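Down below are the structures I want you to see.
Common to both upcoming complexes is chain A, partnered first by chain B, then by chain C.
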Partner chain A sequence: MAYFLELLISGALTGLMYALVALGFVLIYKSAGVPNLAQGALVMTAGYAVWLVMSWGLPVWAAIPIAGAIMFGFGLVVERLLLRRMVGQPVIMVVMLTLGLEILLRGLVPGILGSAPKPIDLGIDFAPIIIGDVFINRTSLYGGIAALVLVGAALAFFRTRLGTKLRAVSDDHVSSWAVGISVERAIGISWGLAGVAAVVAGALWGSSQGVDWTLSALLFPAVAVVILGGVDSIHGVVLGGILVGVLGTVIPGYLDSVAGGSTRDVVTSLIILLTIMIRPFGMFGREDIERI
Partner chain B sequence: MFYRLSGTYHTSYRADRRLWKVPTDRWLVVALLVLGAFAPLYVSPLYLGSYVLPWVIWSAAALSLTLLMGLAGQLHFGFAAVMAIGAYASIHLTRAGIPFEISLLLSGLIAAVIGAVFGGAALRVKGLYLVMATLAMQYLVDWVVVNVPWISGGAHATLRTPAVSFLLLPLDSLAARYWLALGWAVLLTVFFMNVKRSSFGRALVAIRDKDFAAAVIGVDPFRTKLMAFFTSSFMGGVTGAILAFCFYRAVTPEQFGFNVSIQLVAMVLVGGLGSVIGSWLGAGFVLLAPIFLTNIISALAATGWVPVSQNFLSHLPLMIYGAMIIGFLLLEPLGLAKIYDNIRKYFLVWPFRHARS
Partner chain C sequence: MKGGQMNWMRKLALTTALVVGVAGPIHAEEIKFGLLQDFTAVYTFVTGQYNQGQQDYLRLVNEEGGIGGNTFTAIVRDTGNQPQRGIEAYNRAKEEGAILFDFLSTPVSAAILDQAQSDKNVVITPAHGRGDASDGTVFPYVFPMMATYWAQAANLVEYMKQTGGLEGKKIAIVHIDSPFGREPGPILQALSEQEKFEFKAFPYASPGNEQSSAWSEVRRYRPDYVMIWGAGGGQAVSVRTAIQNGIRPEQIHSVIWLAETDAANVGPQMKGVKRFEATASGMDHPIIQRINEKVIAPGKGSGETANVGNSYYNLGVATMAVAVEAARLGAEGGATINGDALKAGFEKIAGYDAEGLMPAITITGADHQGGGAGRVSEWDGEKWVPVSEWHAAYPDLVRKVIEESASHYGK
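Take a look at the complex of A and B:
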């Protein structure tokens, strides 16, 4: 029972950390309608950025805002140079462009900054918190809290004046233009915000497993989270993340010894497949998908 | 000038329906075929085995995928899994004592049946969701191949292909393996060009352009989509088997991973969706351009002209590959086929700038 409880809690916390990665995806999809398959690579780049700033000798509390500013600018540049020219192109072009960006970043960033795993020390104690028989990893715990805070901040942000503009853009591009909202700038800002979300994700994941190219592999669980929660739903990310994390930890916890390892990928794949087959728009997504 | 149109009259429907209407095109194709067929005589074994042979096989794979993505408009990000099914099926079938020719066909059929299951997702969703569904299936097939010892022979095992012969031609020499691969690629090319002008091909195009409209004019979307997945998976399965027997000769699951699927989609897109010549050019470009560019830059680095670290050099192919995908999508979304077409049109009227029509 303690084993199950431990799997449950660590799964839920891991899932919330997946939600951090997925948040950037949703932010961009919600405003621009662009599936950003480079979000994993963006998280990796952000991890490297945090490591780079910290290697200048700056403390953590200064490094993360600076890295956030860098990634905000990076998101703006990516949107301006690449995605803006893809408006009106079929989805395969956009998907492939973001995948191309993913491959490019996965080569460029470790190629310049070094491919050996880089440590990020956030000052979090490695000793687990012990409640009864259950061990809780502190990094995941803080990650989960950060995810909840960030999702809350994103929800609050969408209530502000700028956030209302972004919501208008996500509803309809042409009508937003008609009432004087700059759709281009709104989409650019959403890319920047995705970059900022990536910094938090990159710092936390980087501190738990080291910064190297494997951070970009977070894309796959993040995609499952997004599909399950609904591609355009911010609060869906939380529940989707917890579900993907719990199922992806509890089931392998019992099956890995039987089926021979890495059942986590299978669970993630099955979540994606079943969601698409049963309810393509996810738990909280808007049902505007065109059926056949 | 070079593609002279004067003197070519189409006086019958038959003449107008030919595959290559302009004589120059026809001669070019014949010349290329002769060059390709005699390649083992004048290309050194090193280049034949490590550049030409994979290029021919991947062209066949790109052709199989472009039938689905280019003609039928169904996105597929798990095509490497289909090829893996073909490769593993063919090895196990030949090991069970079935003749190679028949096991090629059977492995194609097995891949086609499982590939049609992939297509099941396409009956319900399209676009981004189809990408995600096929991606998930790629991971599922990967996992099954790795974790069922009966298929892969264990988690990290390599499975050697048994020695076989194709129609009395033993496949132990490089030239024989090259000829088999070339024969299959040429067969697929001819098939693809003919599918494009058959009723099936036109049904696929109708589905791609708008499935509701296609249904209205009497094309059954259900059947046509499944047929598209079936046909393309059959082609992909046999190509996977040929890849295993003619090129790798020892298969591991990593050779058919998710990255390979992305690479196939990149080949199709860089070449130009739904284009025959684009598949050949795209496969060659995606496969060889990163290698050649990396070699050039490594040579420059060795002379000390460009100061780059070893770490940078080892990541260079990935960078070039990613930059290539981005560059083509931004600058020439219609791919190499469009570039070839532009050059051809230029020479059609050369030395003049414009044709009268």
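Take a look at the complex of A and C:
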């Protein structure tokens, strides 16, 4: 029972860490109506940004907000140079563009800043929190809390005047233009916000494994999270994340030693396939959204 | 860049300088090595420093006059760990006259192995590729030339035996779920029967950025020793998650892919973790000191100075030291250096240790592993410190596994 409980808690917290990555995806979709397949590479880039600022001798509490500003600016640049000319274009071309951006960043950023894993020390204690025979990883715990805080902030943001404008842009670019909303600015802001969310994800995941290209591999579980939770649902990210994390931890916890291999990716793939087949808009997504 | 390494873009750009600059005027013979490696995908954790060491060593040899007037040229290209790109890069480099190839990628090496053998070009596969390529009777042009993963596992197990005993003990092998991760299985099975210990495998999904379920299970298994068998960022996650699950650092024993960068990622808790090493790390070796003096100090190095002397840099240096020694032996008697002569040179290598940088290796027509020696080192908080002597562990058992596997090749 303790083993099951530990897997359950560990999975839920890991899932919330996935939700941190997925949040950027949803922020862009909810604001700009663009499925962003570059979110994994954005997290990797953000991790490099935190490491770079720390390598200048700044403490982590200063490095994270500075990296946040850098990534917000990076999001604006992506919009200005790449996304702006895609406004009004078929969504599939925008998806391909973000896929191209993912591949570009994954090669370019380690190429410039070095491909060996870079350390980020957040000062989180190694010692787990122990309750009975259940061990709880502190990095995952803090990551889970950070995810909940960010999701709460995102929910609040979309209730503001600017957030409402972004939702309008997501619904219909042409109508938004017609009522005087700057679609370009809205899309730029959404990419900037996704960049800020990526900084938190990149710092936490980077502190656990080091910063290198493999951070971009977090796109896969993040996509499972948004498909399950609903690509336009912020609170769906939390529940989707917890479910993906729990299923991807508990099932391998019992099956891996029997199967002789890791079953986690199989579980994640099944979540994606079954959700699309049974409920293509996810648990909390709007039913009229397009399948990506 | 603080603690950084030479990025691959600058490295590739400098390749041109190496080709036309260091080689200088056309000499009696220009021996070309194709270092066609993965700078942008899976092996990025090692390639930059490894390749830097290789290029710097070849520069050193050229600076010191080459071998018998022959100089060396490195052809460096990125394969992205993709067999298709590797094949294309191989064919281009072959046209340019390369006679030795190092892909530092198991899938790329595997894809080109048959063609390279047919072309009679030498492929070196240090610390990667097929372990059974050590059988020179089956793979005449392929030279692992360092301890295979089987020899590494045997070396670690023997160290456990010497330090804490094996009979009745439990070993947990926590590995990335890939052919590389599963590699030690057969040798551990054979050793467990011989030494009467128990072992259990705990796989985790690639690339290893999340391993919590595997380590929860490991903790309940209550192992006496833990072996970690992964690479890159996943290794730091393994060590961190192990310690978070109450595994003492002293219990952790790693495959060769655990280096200074991983120690920096883990932090002070890394102290006490052990790993297999095929080459010594640090600056205190004659070859590394000469590189420092003749290549790095004059500003002719191919990467960040901070990397010189670290584990993967020295590994790269050692690979080229062996290759150059093979060329020297192959050229004896005035022979023209081609693939056949180089192969013959490799098979003449006897007791070569790269001036103490690596264990003495002896390569024969049958044994392309060179004996499979290595040692165990421990992270002391600042550097890797050897805790055993260079030697080959369970050589007969390792050879048996090699021959058994090689016997299935092509069937």
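Rule of thumb we're sticking to: the second predicted complex is superposed on the first by the 287 of 292 C-alpha atoms of A that agree within 3 Å, B and C clash if a C-alpha of one lies under 4 Å from a C-alpha of the other, contacts with A are read in each partner's own complex, and residues count from 1 in each chain.
The criterion applied here is as follows: a contact is a pair of C-beta atoms (placed from the backbone, for glycine too) under 8 Å apart; a residue touches a chain by one contact, two chains touch by 3 or more.
Here the structure is a predicted model, which is why all the values come from computation and not from measurement.
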Just chain B (first), just chain C (second), both, or neither: which does A:Gly15 touch? neither
Quick one: is A:Val223 in contact with chain B, with chain C, with both, or with neither? Answer first, second, both or neither. first
Let me test your reading of the model: by the given contact rule, A:Gly241 touches which partner, first (chain B), second (chain C), both or neither? neither
First (chain B), second (chain C), both or neither touched by A:Asp265: both
Could you tell me if A:Glu102 is touching chain B, chain C, both of them or neither one (first, second, both, neither)? first
Under the stated touch criterion, which partner chain does A:Pro110 make contact with: chain B (first), chain C (second), both, or neither? both
Determine, under the contact definition given at the top, whether A:Val91 touches first (chain B), second (chain C), both, or neither. first
Of the partners chain B and chain C, which touch A:Gly40 in the superposed model: first, second, both, neither? neither
From the superposed pair, tell me which chain A residues show up as contacts to chain B and also as contacts to chain C. 106-107, 110-112, 114-115, 260-262, 265
Please give the residue numbers of chain B that touch chain A in the complex, ascending. 69, 75, 121, 123-129, 131-133, 135-137, 139-140, 142-143, 146-147, 155, 211, 221, 262, 265-266, 269, 273, 311-312, 314-326, 329-330, 333
Along chain A, where are the residues that touch chain B in the complex? 35, 82, 85-86, 89, 91-93, 95-97, 99-108, 110-112, 114-115, 220, 223, 227, 231, 259-263, 265-266, 268-270, 272-273, 276-277, 280, 289-292
Which stretch or stretches of chain A touch chain C in the complex? 3, 6-7, 10-11, 14, 55, 106-107, 110-119, 121, 126-128, 135, 137-138, 140, 205, 208-210, 212-215, 217-218, 249-250, 252-253, 256-257, 260-262, 264-265
Mind listing the chain C positions that touch chain A in their complex? 1-9, 39-41, 44-49, 177, 200-210, 212-214, 216-217, 219-220, 232-234, 236-237, 240-241, 243-246, 261-262, 264-265, 267, 269
